[in-house]
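Input: structures, listed below.
In the two complexes that follow, subunit A is the common piece, with subunit B as its partner first and subunit C second.
This part shows the complex of A and B:
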């Protein structure tokens, strides 16, 4: 079986190397990939979409339909993680640990959902609890707002520089995950509950697909942002640029929420109470 | 509105999936009605497209208003319209038929289940309707990802089976993507019609040859064509019954559609059948696939696994028929996409009903089943007759075309394999009928034992099953019309008799 596997791998590799013989040479300006569709993207994209960044124009407009489904793939990954991992609340362990903040004494509470609120100086801790490092905690807390600001900048600036919804969304998501890692999962969930990110995720994709459907309702083809000109009170070419910004915001929301959703599900093994 | 059918077909299920995902957090009861409404719109649009395609031949739809090859275009011809109707019919009937068992199995996560269900259908419809080779890959990803998730929610070994499927499916999708990359290197285009107009000058290029082989192997992996079938039996057996009755009829069939699309549209029949000396070997692989599928089905210990091996044999039918290189074979293969989707749905729905009632699908669970669930068993028998190929069910007609194609091409091995597999199917299904009909009488000789009570599955499960069973006969009766109006125009004149 092993030998058979090696033979198959060698044969496939041989086929691929054999095919390389007819590849256009490296950086050949005459190769088909440089001469068929690319020239129009390079020469016309600014004039047709008023977006200076060609990559953004191709990604979100000429081939925006693919990008919509790529966002859907991200969303689907989030739903699958939730579907497979999330354990309904009733299966939660019945033992919870609390730490007395003044003395450092820990107690275990069985069966009850929460300890009485009068005992304010007790804080809930994870099973594998380690004392938090004040330096890490403080640094990360200071870092998070700047990360989020940068994430918003990356989303908004995709028209002019490298960036866009996917990258910005990842940075936004990472900021929440940083909070969860430096503090604990409950703090992060306290900032953004499960319901919020689980609804933001489809809502982000909905902004994308909904914009496309709106173009259809307004009389042009699906995702033909030119149709938005009437609503936005601009000419059709500028409307394309604005349309791209709208869908990038949708992508950003979807990617951010999915990152958090997947992280929370995996790190807490679907229980949403404690984890990394 | 009718000019937007190609987009509506895909967009409505997508938007509804997102809506369900949101609504699922607020009120679970709305999930199912939204899903039914979405798939009804898809069905309506695909039937509308089929009717339009008969007059207009090819319908194009430019997404984003960009003309191809710069933008992405949908292009619907007879072949895609036929498969679209099949996909949306199967998806809608299965959705309604499995409502109860979904409630039983996923009461907590109904929103997520229907979200994934609709995304899977979005992916399948998108694969069929698209005219862009890369867009096809993106939708392949959606279909695969949601499929993995749905399958992994099944019983005991389902997560492992799904993981196996993840590995194999990912390799298959990567191969397809690599092939498209090679095509892009040599043509600079991703639009299928555009590629096919550039390619004829490049047929001697090694890159194009490698691209074709890699794409086809990737698609073979995805459709579980022997010897790349190992992931399928476990994945489809351990999947929840609502999922196996969705993926078993549709996934493999849509992949066969992709293969035929690659063979006829992206590449020309002349290249596929003449430039390459592959046809013969693929047909022989199909012969092995059919025989192995049949033999393994005979050795299966339970009903679902047996049906999974039958699915593998059926894949062999269609691949073999398509690669025979003559009109009859191609007609048989395309007709069999529709027929096989319906009959696989029929038998899997019947098994789903049995699982719902007795919570098992081993052969022993079938004892006395004709008394207990007479309507479900009627459906199962109709599906079984069609799989065996008894007229007037539709299975007979597609098999007839495949066999006559095999004879015309002089591929007697293929003909023999088809006959062999039909005989094995007869043995398989009569064994089930025997257990279901006679077993309790043999056991207690009828002495004072309480007769088996009738305990049929709910009406919402039985009615769709019987509709499908009736559909099998209707498809058989109208085979002639389907072939002259829909299938004949698909096959390019380059494929001779």
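This part shows the complex of A and C:
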């Protein structure tokens, strides 16, 4: 089986290297991309999509399929991580550790299926426990809302400045991961549970593909946002601009949920009970 | 105005240079983190204030807003950079790395 895999990999690599021979040479001004495609984007993108940032216009409008399947790849990465790592809850009793906050005493509770009564002065701690640092906790708690605000800004302002769904989604995801690092994983999961990730991740892809399908229902091609003009009550050019924004929101949701999902699965070794 | 801006930028550059030299020359982990945390933050403060002042040459609402944003960057650097250094030092202490003393050398 392994030898078969190596043969397939070598054949694929050889095919790719062979195909590279047909590429135009490096920085060739006469290559097709520089003759027709780029000048058209540079000249026409503002009047066709009313988006000043050409990168965003190309990414989300002219090459909408490409970005849609990129989002799908991100989604697939999250799902694969979930299937590989996640260990479903077992029925056998587990050992949990609690700490008495007043005296600093630690107790081990061998738990059967019954959850012990939650007492005010006991807090649950990890097996490898490091005491929470007040400075780090407080600073991160102050920073997290600003980070999330900045992430939303990056998503919404992708039309005018560098940014967009992928970058903004990464910032949003990083803010939740920062919460998990500075406190612990249970705090972060308490804010945003696994179910939320599992819903948001496909929801982002669905928003993207659904926008494309809606365009098709309204009588134009798949992902031709000009079709949304009737619904949004604007002219087709502005509708393309708005369509890009809708699509970017979908991308941002998918990327954010995937990042947190992968992080949680890896840091808790798939058990979702303890970890950073 | 220009004199103040240039003076602040040069001060900031001295701070950054001191930070870089300190990271290279200090003997151990903790003392190296000390210039990394303090001088970089201080240098960032001076240079950002200089840029905000330079930006106010043409005084209007938009340049004032830009200056405010630059000062906001300073605030966030002041929040996050010392916290990060503190976290790194804390991890070092917890991992059992002792501080440098003269007789170790």
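We take it that the second predicted complex is superposed on the first by the 233 of 276 C-alpha atoms of A that agree within 3 Å, B and C clash if a C-alpha of one lies under 4 Å from a C-alpha of the other, contacts with A are read in each partner's own complex, and residues count from 1 in each chain.
The rule we apply is simple: a contact is a pair of C-beta atoms (placed from the backbone, for glycine too) under 8 Å apart; a residue touches a chain by one contact, two chains touch by 3 or more.
Just so it is clear, the model here is predicted, and its values are computed rather than measured.
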Subunit A as common anchor, with subunit B and subunit C clashing or fitting: fit
Partner chain in contact with A:192 - subunit B first, subunit C second, else both or neither: neither
Partner chain(s) touched by A:146 [first = subunit B, second = subunit C, both, neither]: second
Per-residue contact with subunit A, leading partner among subunit C and subunit B: B
Which of subunit B and subunit C A:21 touches, first, second, both or neither: first
Subunit B versus subunit C as contact partner of A:232, first or second or both or neither: neither
Which of subunit B and subunit C A:135 touches, first, second, both or neither: second
Gap in Å between nearest CA atoms once subunit C and subunit B share a frame through chain A: 33
Common ground on subunit A, meaning residues reached by subunit C in one complex and by subunit B in the other: none
Residues of subunit B touching subunit A in the complex: 4, 7, 11, 14-15, 17-19, 21-22, 25, 61-66, 69-72, 108-109, 112-113, 115-116, 119, 122, 126, 134-135, 138-139, 141-142, 145-146, 148-149, 152-153, 159, 182, 184-190, 198, 205-207, 209-211, 213-214
For the subunit C and subunit A complex, residues of the former touching the latter: 76, 79-80, 83, 86-87, 90, 94
Of subunit A, residues touching subunit C in the complex: 130, 133, 135-136, 139-140, 142-143, 146
Subunit B-facing residues of subunit A, complex: 15-16, 18-19, 21-24, 31-38, 40-41, 61-66, 69-70, 72-73, 75-77, 79-80, 82-84, 86, 88, 195, 198-199, 201-203, 205-206, 209-210, 212-213, 216, 220-226
